[in-house]
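Consider the two complexes below, in which chain A is the common component and chain B and chain C are the respective partners.
Let's turn to the complex of A and B:
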């Protein structure tokens, strides 16, 4: 067991080394100064954030509807549905990027923000449904029954009896969709137009000119955002679980 | 009819418009022919499939297969002991170590890859890594390791320590424990995990381009070139069709293993 522990720490060193490089190179004042003055990177970052937020909202709302609908179907059909949702998780991403490129062109959809949003929705939707599927399965139906007995309409039941129970799943699903969209390079690369510069695409285009320190500073910012959101959700989970009787 | 069934409409639209139709179109395009003017003629032509076996292209696919296979074997070999270590820890401690494993992935994929290349440029172990095949394998390992550790951990966690102890008490060596106890009990999740890292690797684009320097072509670059540079849709579509077919056959082949995997994950 001791040997295994040393082995595991060696692996951690391997995985942490690049992050360490980023944090060291990016946490300097000059790096941040350069980042603030690089308006193209800031603009790309802003575009990515907006795209990711829109993707997360759409995927979560439609994913929630799907997760609710699934139990209403016989198990055999449900297995087929879930199986198809797993495909984007296991098939190579490049196949989707290209299939969408060809498909949109056939439909006469010009590459732009709309095709980007559609494509980002396409792959984040699967993750969100798979996360919310388990949340819906865990619903305590006695709560919605009593809400209905107390005179709540179907909206009221959803809002006050179901939604609070589903909240952890919804937050997890939305965060997943957000970060997957923010991180995506390959699908974006194929379906974007000339004017759509998301952050990963911008970084890719800068790479051939050797990266400046501002990219590392940006990475520090992204890392900090992840860190804060993870800590925030952990705390939120902990408190919401404690308050439950 | 249950009114809830109407809520399936978004999924149905997704299935038709963002899964079935695009890939059907790829399949149709793979049987099309491109004339000298670059126009597509639909029909049932097998030219593109035949063209894939041209040594010029075929060597790209062989190289990709070799890379994906070596990468998957390497990743599983590295991940298995790590997952075993986690599986023998109390839940809380395992969660702590798992978090440590995942934290490096909290920043942008592309930046992470560039930072990894910075590390490779320092020539660890006195070896040249960038623009080398083993550099590609190292980057693949770096990128896919957590995806292998997580499912293997959830599989190994289900092997009770008492079983291992019983085997040891009966005089089984460490190797015997591994081959006669752990391996039979985790064979299926291992197969599923293998596919989980193998199939995406077939279409990997950035790592061969960035770490490999792009001198040696892999499937990802080949596809990018066919669709974005040469606009040879039939040839590119034929390659995608075969790739997806191969992936789906492998998934069906190990379908049972995957279903189990999913059960474990939920």
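Let's turn to the complex of A and C:
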């Protein structure tokens, strides 16, 4: 038991120590002050948040619709489709980045906001569907039947019988799409136009000149956003479960 | 590094594929340039400060737009994929990438009459091996890999002006006190130089021999940190292999650190300004290069980043702490012994394998 405890703490330390070091190094006032004066960093940060939020919304809405439609697919088609959803998990990101750009060139689409959003949607969508697929499979259909018996229309059934059951999956899927989009570098690099700048593109490019503590401070900011979103999700779960009768 | 290698191999496959498909004709959205001309630069981040860009824009009525990349191969891939439409007027390839771009006919020959700033350049900078006579590129940042010595940990070395790598790697007094860069090409270059060889002509046997030497003396090396600066600042290495860009900021913070160059010769690299063949605002690009590398621009660049430029006047007006730091401003003697890193595709797999073995030993 004691050995297990030691193992547990060692594992935790190994996972978190690097983040802690960055946190300490980045948390100096001068580093943050420098960041605040770097207008491009602020602009990149804003674009990243907008892009991630938009991606999360679109991916979750279309992902939910797809997850619902999936059981109705003919079995062979369903297998092919769900198999293809795993591609972004196994193929290197750079393959997607290059493929998207070549594809947009073929279509005559100039790289810009539209291609950026489309690509972010495409690669986060797969993850969202995978998450929501399980939520949809776990739905208790007796609830929707009862709702219908009690006179609910199809919107009422969705709103009061299905949505509450799906909510944990929806939040998890949206959070996943948000953070994947926020962190993405390679796909973004290839499909963005000259007028778009996201935070990861800025951070990676800043590394070349090795100019110091600003990078650490930026990592702290990105880390804080992820942490806040995790805490937010956990709190939301806690309160929503308590309020249920 | 791992990201780079994985990317490179995938890149190669995709470029082959994409070479067969043709980019569409000029897109309609990138129609004629409007009143204040635009200058589109494909660059590394933090190379130009806001004040310089503002002044340049006002003086020339040119709006500067920057797009960023984080390594040369990515930049090349995006340029190739965008083809005729790339729309970049100025790009910043590193030394070896200049040669690659020239071989692929992606750079314009430079019109020297439009580059008066070259008159302020040191003669030695005008003829690099990757672009003889600066036909296609103008060096902006010049960096080297040197050695930081911590005299708190190794007081005996306080007056030393030069160190031999053989001494560093073989003298038992330095056992476990050395850090080297986490970069196989840089480390290999050190040993090749010790053994009197060159990366341009090295054979597989040379590479194996070099790594055998490193394995034999592995006990001297404390580690290969991916970030040198924190390690140096925390007094964790007595003799630390360091990039010149880190040297300036470390020197400002810690007085007990001084900088030397290996007597056998060091590695040098440059980031250069070049104009792609399909640039639209060529005149704007020339104006930008002249302004950026003129005395004032070059001076502030070095002060801000710790990398020198080739401008003689800028050097004369910089403070002594910078110009006397040999890692930032090597002497003429040092520079004769310096060599560029070259990417040897045929040796890459072997180097990666040997490097993994060395680190896991």
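Annotations for the structure displayed:
Here is the rule we use: the second predicted complex is superposed on the first by the 214 of 245 C-alpha atoms of A that agree within 3 Å, B and C clash if a C-alpha of one lies under 4 Å from a C-alpha of the other, contacts with A are read in each partner's own complex, and residues count from 1 in each chain.
As a working rule, contacts are C-beta pairs under 8 Å (C-beta built on N, C-alpha and C of every residue); 3 or more make two chains touch, one makes a residue touch a chain.
Here the structure is a predicted model, which is why all the values come from computation and not from measurement.
When both complexes are overlaid on chain A, chain B and chain C end up clashing with each other. Using the contact criterion defined above for the overlaid structures, shared-chain residue A:102 touches chain B and also reaches chain C.
By the document's definition of touching, both partners, chain B and chain C, reach A:207. Of the two partner chains placed around the shared chain by superposition, neither chain B nor chain C is touched by A:139. When the two structures are aligned on the shared chain, A:194 is found in touch with chain C, with no touch to chain B. Legend: residue contacts after superposition of the two complexes on their common chain; A:39 is shown touching chain C, with no touch to chain B.
Looking at the shared chain after the overlay, A:125 reaches chain B, while chain C stays out of its contact range. Residue contacts after overlaying the shared chain place A:110 against chain C, while chain B stays out of touching range.
Taking chain A as the reference chain, the count of touched residues is higher for B when chain B and chain C are set side by side. Of the two partner chains placed by the overlay, neither chain B nor chain C lies in contact with A:57.
When the shared chain is aligned, chain B comes close enough to touch A:16, but chain C does not.
Once both structures are laid onto chain A, the chain B stretch out of 3-11, 147-155 or 201-209 that overlaps chain C is 201-209.
Of the residues of chain A, those at positions 25, 92, 94-95, 98-99, 101-102, 106, 185-186, 190, 204, 207, 211 touch chain B in one of the two structures and chain C in the other. Those residues of chain A lying in contact with chain C across their complex are 25, 39-40, 92, 94-95, 98-99, 101-102, 105-106, 108, 110-112, 185-186, 189-190, 194-195, 197, 201-202, 204-212. If you check the complex, the residues on chain C that touch chain A are 6-7, 10-11, 14, 17-18, 21, 23-24, 27, 29-30, 40, 44-47, 50, 65-71, 74, 77-78, 81-83, 85, 87, 141, 229-230, 243, 245-246, 249, 305, 307.
Interface of chain B with chain A (complex): residues 2, 4-11, 14-15, 18-19, 21-23, 25-26, 29, 78, 81-82, 84-86, 88, 97, 100-101, 103-104, 106-112, 114-116, 118-119, 142, 145-146, 195-196, 199-200, 202-206, 210, 219-220, 223-224, 227-228, 233, 236-237, 240, 243-244, 247-248, 251, 258, 262, 266.
Partner chain B is touched in their complex by these residues of chain A: 1, 4-5, 7-8, 11-12, 14-19, 21-22, 25, 62, 65-66, 68-73, 81-82, 84-88, 90-96, 98-103, 106, 118-119, 121-122, 125, 129, 133-134, 182-183, 185-186, 190, 199-200, 203-204, 207, 211, 215-216, 218-219, 222-223, 226-227, 230.
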